[in-house]
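Two complexes are shown next, each including chain A; its partner changes from chain B in the first to chain C in the second.
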Partner chain A sequence: GDSWGIFTFLCAALCNLPALPALNCTEELGTSQSIQKTYDLTRYLEHQLRTLAGTYLNYLGPPFNEPDFNPPRLARAERVPSATVDLDLWRGLTDNARLAANYRAYSRLLCYLRALDGQEGTAELRHRLGHFCSSLQGLVLSIAGVMSSLGYPLPAGPAGPTTPPGTPVAPNDFLKKMDDFWLLKELQTWLWRSAKDFNRLKKKVPPAVVTLRLEARGF
Partner chain B sequence: DSHIQYERVGADVTMKCGSMDWDAAVTWTANGTDIDPSHLNGSYLILKNVDLTQSGQYSCYEGSSWRLKYQTYLRVGMPPKEPVLMCRSNNYPKGFYCSWHLPTPTYIPNFFNISVIHGTREMVCEKDAFPKNRCHIRYVQLFSTVKYKVTLTVTNALGKNSTTFTFDEFTIVKPDPPESVVAKPVPNNPRRLEVSWQNPSSWPDPESFPLKFFLRYRPLILDQWQHVELSDGTSHTITDAYAGKEYIIQVAAKDNDIGTWSDWSVAVHATPWTEEPKHLTTEAQITETTSASTSSFMPPPTTKICDKGAVVGSGAVAVCWTAGLVVAAYGVLFI
Partner chain C sequence: AADPAVISPQDPTLLIGSSLVATCTVSATSPLKAEDLYWTLNGRRLPPTSYTALGPTTLGVALAHLNGSKQQSGDNLVCHSRDGGILAGSCLYVGLPPEKPVNITCWSKNMKDLTCKWAPGTEGETFLHTNYTLKYKLRWYGRDNTCQEYHTAGPYSCHIPKDLALFTPYEIWVEASNRLGVAVSDVIMLDILDVVTTDPPPDVHVSRVGDLEDQLSVRWSSPPALKDFLFQAKYQIQYRVEDSSEWKVVDDVGNQTSCRLAGLRPGTVYFVQVRCNPFGIYGSKKAGIWSDWSIPTAASTPRSERGAGGCDPKGGEQNTTLRRELKQFFGWVKKHAYGCSNLGIKLYDQWRVWLQKSHKTRNQVGKEP
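Take a look at the complex of A and B:
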């Protein structure tokens, strides 16, 4: 399981972020394998997130760590990109739109997560967050790789690991925690959605002649 | 005129004979049978600590004229206990259904009302014609972060009760079991069984929402199951079946990424192909059972010294057995 995160992170490091056109790692594998790899990465991240979210919500304390905590969404929470979409609209997305939506969402989610990182919290929590951010960075690059191999332009995204501009600082501790709660929730939902997005993409893009069976089960 | 009257089990019931005075002379009947006057207090009928058997039609007649003055139907029952509610999506991403029942009967008519709230929006759960206590909802949005809150209220003449179930879209996904499970022996392969099945017909879009499968099988004579998880395809060949043994096989399904496993499919039975001629069958079975009881997980006795080759034939086994006996006999002689 851990090898995926390290692999993609190394890939990113070697491929000289954020200059993406020279993404030699994925080009050689072929588009179909890239999509499979991206799919596997979303599954890995979803699994990692379960542990991370559990730890983080416990750190936030009640009511955030209660299983049936079901707060109403406040307007400010809409800044976090939502995976929610109308069913027919989702079905009808073009490959480009589907990939772009994923790319945009994870780029922004990564920024927010990085803002979370480095603040208070236990050493264990900071370590988990750091590891997760690296893996998530890998996912963003993986998606970018698929897009470029299919000839799609990359959507203009955030510049890098800085706090996104225009994010109002939460006026109090509780609202800040609410923001964190929704961030993790949206991230989880996006990972569930991405698995389905990449399933659809897998079917539509013809597989390459040589099939590389990437054994990525059993996370 | 006629009424219906609902009373709790164990309650004390007083029935008045319509507008008749307390001291009027009346006769009460229960389902046509006269009631003993000891149950009367004046013209009032007193039923203490009523039970279910006392449900029925009660009529009151004026003493001398036998005119019907009052009639009521007594239904003895109970207020509803907390209902049991479950919701499940076996047709993801189309929607989900909820079904409910009462843990104990009330013996009187009950009315159910279900409400589904998603964030700020109230959704309509359409009642199914059959089964009765069930309704379904179509998803409007997919991949929602907001939980669904389903509240079921049950009301009857003696009280009401309710229960609530709150859940995330992904957690209630549970497909129906795979259909048309078929297991067949493979000709000339005594240790193989070919199993095939189909996606449950209720799963609307296996292309975009592929299912993965879990197969379990065991010979009827053993308790321990063997498991295989399959991430694609709707068939599998078992290659380690015990020769000549009847197997029981089941399959379950799950969305590749979310939700829970379906219930097990209907069980199918199959026996691997064998070539044993009829007259040697009994002997082979005895030998096989003997070796099976001494070491339950050993494969059929093909790997003994006197093995004739890869064929698991009863002929080879019989020869082994007799040869072994001869050797044993010699051994006894030498001791």
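Take a look at the complex of A and C:
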């Protein structure tokens, strides 16, 4: 669907990024356009997540799919970076820090999502999960694109498909279900937050600013 | 930090109808006692009559005659503290062992690969996630191979993409396994050459036959992938009127790559498809497997002209028996009709019936849609 299109395009565009300035790409995306695209992606993912979460929680079975379900968040579950943050702290984030937080969070979340049991689950669930991971990968690349076009370095760390080292595997099936529940919850919270993050960035990076930067670099 | 409580057994697998006694032991560091606990199963509270205190910090629960698991991820048996908080949980996998898979059918695309599908043995559910593994080996050669690419043609299918041998039969079977056991299907034996299918015929063209209003000419090419192999292809054509869902099949096309459809309605759009069967490949005695139908090609028959008395067979198309017969028809019409406007179609039908009876011409379809 749409996510594949975005994903493929971004892959192609970003392959050229590390060595060259972003605006040398044949598709000259203004930074504000990239930010808009990233914003749009978060909204799309939010919508997709609703369906995915519904299917997944039904697979886990009650009480996980009950609306008021609120299990304890065990120390184990702290591995997922939390979107919840103090309001003043959030307001005060620099563009770089804001983008980096998003990039790191989604890279980790993508790893954990990919590690969700591939063999178990219905065909429908596996299909939705696969589709969602592709879209999420697109979001990670999109954020990377914005960071590069603004001249910020990408945060180092695990962005690959393997589970980050040092992650304890849940010791029993029930605890694993709880981990999965919290993973989905955190994804949801992050997507809500990201929409606001990118909205904020949109206002701070109008097209004029981009042109100025170009001249400053002597291009 | 230690877990607040421990459940035993943790994540057990059970046969439908069996009973279970589970225990929840609160950790030593917790202030809670057995009387502060309660159980839920899939979100529903279990009756206190099924509880037994087995110690100051251990509460047991008896579950009898368990039904199959509500979800394949396991039933959620949870130990709660009085205020509803979750202390620990255990996933119960209650179900049946698998039955042996049945109805294994396979086909090979252009002798390059092999796709097989099967049906799960159980009419009802096993309630547990069942894994299927397709295995194959050459008869008379020892090694078992395992198919890797699943779900290529539906949920119970597997695709073997390469390294297939011809002329020696394969033994193929499917193993089904779940937490309660394994079941192996019967072994089928097949020769790749007996289950060959191919691509639909390419370059299907449908065109009018001059001004003939009841005919269309269909032409196609033989599938290129098998052009190097000796085989007599068989073809089938199916066609339908634009606004109907009923396909008519032409079965006796043989191995030519063209066919004339006749007896069609004038001024009508038709959709036509062709498919191929690589019959008798490499001397195999068996029919192959029909390819998919080609993408439908559309064409329309010319609109009929009123005034049959003045209609001569127009157009300089091939000198076929059909042309002669049309001449005969119009001669007959002139004799039997006085002004053709009302009688045109009826007469035409009558004539066709007569024609069908008198000789069965190849490449003709008798009935009007």
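Definition applied: the second predicted complex is superposed on the first by the 177 of 219 C-alpha atoms of A that agree within 3 Å, B and C clash if a C-alpha of one lies under 4 Å from a C-alpha of the other, contacts with A are read in each partner's own complex, and residues count from 1 in each chain.
The working rule: a residue touches a chain if its C-beta (ideal position, glycine included) is under 8 Å from a C-beta of that chain, and two chains touch if they have at least 3 such contacts.
A quick note: this is a predicted structure, and the numbers were derived from the prediction, not measured.
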{"item": "Clash or fit (per the criteria above) of chain B with chain C on chain A", "value": "fit"}
{"item": "Which of chain B and chain C A:51 touches, first, second, both or neither", "value": "neither"}
{"item": "Partner chain(s) touched by A:94 [first = chain B, second = chain C, both, neither]", "value": "neither"}
{"item": "Touching partner for A:177 - first (chain B), second (chain C), both, neither", "value": "second"}
{"item": "Contacts of A:123 with chain B and chain C, given as first, second, both or neither", "value": "second"}
{"item": "Touched partner set for A:64, first chain B, second chain C, both or neither", "value": "second"}
{"item": "Contacts of A:72 with chain B and chain C, given as first, second, both or neither", "value": "both"}
{"item": "Chain B versus chain C - smallest C-alpha distance in the overlay, whole Å", "value": "12"}
{"item": "Contact residues of chain A, present in both the chain B and the chain C interface", "value": "72"}
{"item": "Complex interface listing, chain B residues touching chain A", "value": "93, 119-120, 139-147, 149, 166, 170, 207-210, 231, 256-258"}
{"item": "List of chain A residues in touch with chain C within their complex", "value": "58-64, 66, 71-72, 74-75, 119-123, 172-175, 177-178"}
{"item": "Chain C residues touching chain A - in the complex, by the definition given at the top", "value": "1, 3-4, 7, 10-11, 40, 42-44, 70-76, 78, 85-86, 88-91, 129, 131, 151, 155"}
{"item": "Of all residues in chain A, those that touch chain B in their complex", "value": "43, 46, 68, 70, 72-73, 82-87, 90-91, 182, 185-186, 189-190, 192-193, 195-196, 199-200, 203, 217"}
